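Chains: A, B and C, in written order; residue numbering restarts at 1 for each.
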Amino acid sequence: MGELHNLISIHDLSREDIDMILECAQKMEDIAVKRSKKYSSKIMACLFFEASTRTRLSFESAMIRLGGRVLGFADVAASSAGGKGETLADTIRTVERYADIIVIRHPLDGSARVAAEFSEIPIINAGSGSEEHPTQALLDLYSIKKMRGTIDGLSISLCGDLKYGRTVHSLGMALACYDVKVKLAAPTALKMKPAIIEEMKRAGIEVIQVDTLDEAIEDADVVYMTRIQKERFPDRREYDAVKGKFRLTEPDVKRMKEDTIILHPLPRVDEITADVDSTPQAKYFDQVYNGVVTRMAILDLILG
Amino acid sequence: MGELHNLISIHDLSREDIDMILECAQKMEDIAVKRSKKYSSKIMACLFFEASTRTRLSFESAMIRLGGRVLGFADVAASSAGGKGETLADTIRTVERYADIIVIRHPLDGSARVAAEFSEIPIINAGSGSEEHPTQALLDLYSIKKMRGTIDGLSISLCGDLKYGRTVHSLGMALACYDVKVKLAAPTALKMKPAIIEEMKRAGIEVIQVDTLDEAIEDADVVYMTRIQKERFPDRREYDAVKGKFRLTEPDVKRMKEDTIILHPLPRVDEITADVDSTPQAKYFDQVYNGVVTRMAILDLILG
Amino acid sequence: MGELHNLISIHDLSREDIDMILECAQKMEDIAVKRSKKYSSKIMACLFFEASTRTRLSFESAMIRLGGRVLGFADVAASSAGGKGETLADTIRTVERYADIIVIRHPLDGSARVAAEFSEIPIINAGSGSEEHPTQALLDLYSIKKMRGTIDGLSISLCGDLKYGRTVHSLGMALACYDVKVKLAAPTALKMKPAIIEEMKRAGIEVIQVDTLDEAIEDADVVYMTRIQKERFPDRREYDAVKGKFRLTEPDVKRMKEDTIILHPLPRVDEITADVDSTPQAKYFDQVYNGVVTRMAILDLILG
């Protein structure tokens, strides 16, 4: 793991790799508070070809807590790559001369992999297309481990849009490394891709597909909610029908176990109602902070 | 004042609070030049839901002079809060995990107060709706005190758009803490809200409403100009008629006292003509620098 | 050169000035890698009224390697100057209170000069209108000197759009200080302005205008390529005809001398085909890094 060079896909990581990242994140908890000057001469370039306040600020906060410096762009409109027809390869071969590490978010599948091929400095994938968001999966795992003490042995339900959400794809693949029971709860139009289900099953994981949030909640140790986006439905009525069924409310939480944790990659719209926020099970804002700590670990393992 | 936690509204501050901020600003003059490393491990998040070069860069310059670090977004287009329907409460509960203090500019009245309710870290209001811009009022007061030696006893004229400008609202409320004489000069359609006039009068201040810039200038120690925006007038001809009457020119300055100071929150368009810039009374660019010093004081009092 | 205050135009620099900048850049090579804290209390304001990832990030990387701090805006949409009708003079008189040095990119010719007239802090022109881009010319010269050991005595071909590209204008003017042979290769509609050719000739330089890339390549020590923009041609067919003739391909490189260097200010679209990238003559990505080092030198000479 001293050899972690890029972080492109969860597929590139073994369980040992992931465990080491989670251990390193645990060590970062202290530094996250006290701050460090360790990388005060290092430069992180943030190339966000898609706007993303959350992920970008999380990486920036992580780098700053390690003492490092940040440059980049927050949306493609302000970059040459937007208006002047430059290829991603050229953008990377340029920016690698300005920085020590590149964090990239890009709307196309495979973009981070292409970036890594052309870069002589490390690349971290901060979300590519609809397929991958590995640092989100790692912070999700870290949240589970930190809050539940373990990942192995848990019953984990992924709920909402399992088809288009890159977050749940990366998380599903990551869970394949652990001894967990996974429930997938999604509307018919938004079911998890068979390839990822196959991958989890091949890894020996029990995967159960259910149709309602009710079934997903039952006995779950972790309820992982995601946003269902209106734009995914050609028919507005279909969306309205589905939306209500995958909305988590306070009465739902009452039926959960006391130590169940509710996670969400955020932003949420109304798939978790506000009355859930004050329940002890609601952990999605603490999860945000875990993202800073996990990204500190990833930066440290790559730059160190 | 060691207890200053948030800065949301001028109404939250007593005269003692304001005087302490102004004293602290005076001490910051030296540090503003020499710079400091005092807050080198602290992170300020700038959340600008409305673009504002001036206020944002002023805060950033203040934080940097104190050694601190900055992250955030400069306009809502580049943030999730723009495109993904996230509530302000959720944005705040996320960003508070990334930073040590939040500076927020938002188009809605009351937004900074809402932010403070949801945040566990300090919030500074950098302009909310049309009602409040407390750090501008404080830098205005600091400018008056620095340039005139005192605030008490002065005759202060607020001119231009007194209805929609949040700057003059906050300043008017702040002046209610001092022993001043206030003239309000505005076109009929842009008069100061009665509630703020009432507040000043209740505080024992002599408030005189006048209709022309000429009357406002007479005997004034401080002439505070503001922009009159075309968009405020349904009828273009009405705007044209008003505009000329509230434009400060060099001959106007000649009729002022020698030690009168002209202030303006900037940006100005043509309500102060360029020939005024070189008069000794023109202080609006020095006022900009006072903004950096005042914001350093506010940051220091909150973070310290 | 200890007296370098602003950097507005190549015309303001003597050969001695330029040579000193190139020498300083050479000294910066080491610091660019090791990094410095020399300017840890200095603030550079980046005012980009036109989006430019490359130039902005290059300056930021340079300032950060010197330990310095950065603030500013990346495109005019996020600045008051965009929406509120503020003059450039006012923007400058404001921002000079926030920073120690201003780097400005602006779409209008003469804008950087205006900025310098109103500023009490140093101004660096990062591209103004279609006329000037002096830091690009200096990094081009530094690239030539670093890669070829000398500038004097070389045969240098400038190719592509020589009419609208500010890069080649500044470079042409800079080359007038050296003992070089210059070939200008451009389509009829995009010839170099006579005034710049005159200036080079007056300086005693042999200037040859050619019509094809073929002629430009022959015997050249430096082939400087630029982008030909579709928007420059009223007739689409004319553009298509021209485009092919000014595209550099791998067979073209085969006909070059072994030690010829190919430069390009980037971004490139397809005027250099991808197969050229792996030839030893292709130096345009190394040129990017030289930009960081050259800008470190410029910042150091002005701030030092």
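Everything that follows uses one rule, which is that a residue touches a chain if its C-beta (ideal position, glycine included) is under 8 Å from a C-beta of that chain, and two chains touch if they have at least 3 such contacts.
Keep in mind it's a predicted model, so treat the numbers as computed, not measured.
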Classify the inter-chain contact topology: is it line, ring, star, complete, or other? complete
Would you mind working out whether chain A and chain C touch using mostly the same residue numbers, over half shared, or mostly different ones? different
Would you mind reporting the rotation angle for the C-alpha fit of chain B onto chain C, rounded to the nearest 5 degrees? 120
For chain A paired with chain C, centre-to-centre distance based on mean C-alpha positions, whole Å: 40
Where chain B touches two or more other chains, by residue: 77
Seen from chain B, its contact residues with chain A in the complex are 41, 43, 45, 69, 71-73, 77-86, 90-91, 93-95, 97-99
Show me the residue ranges of chain B that touch chain C in the complex, using the header's touch definition. 34-35, 51-54, 57-58, 60-61, 64-65, 70, 74-75, 77, 227, 266-269, 285, 288-289, 291-292
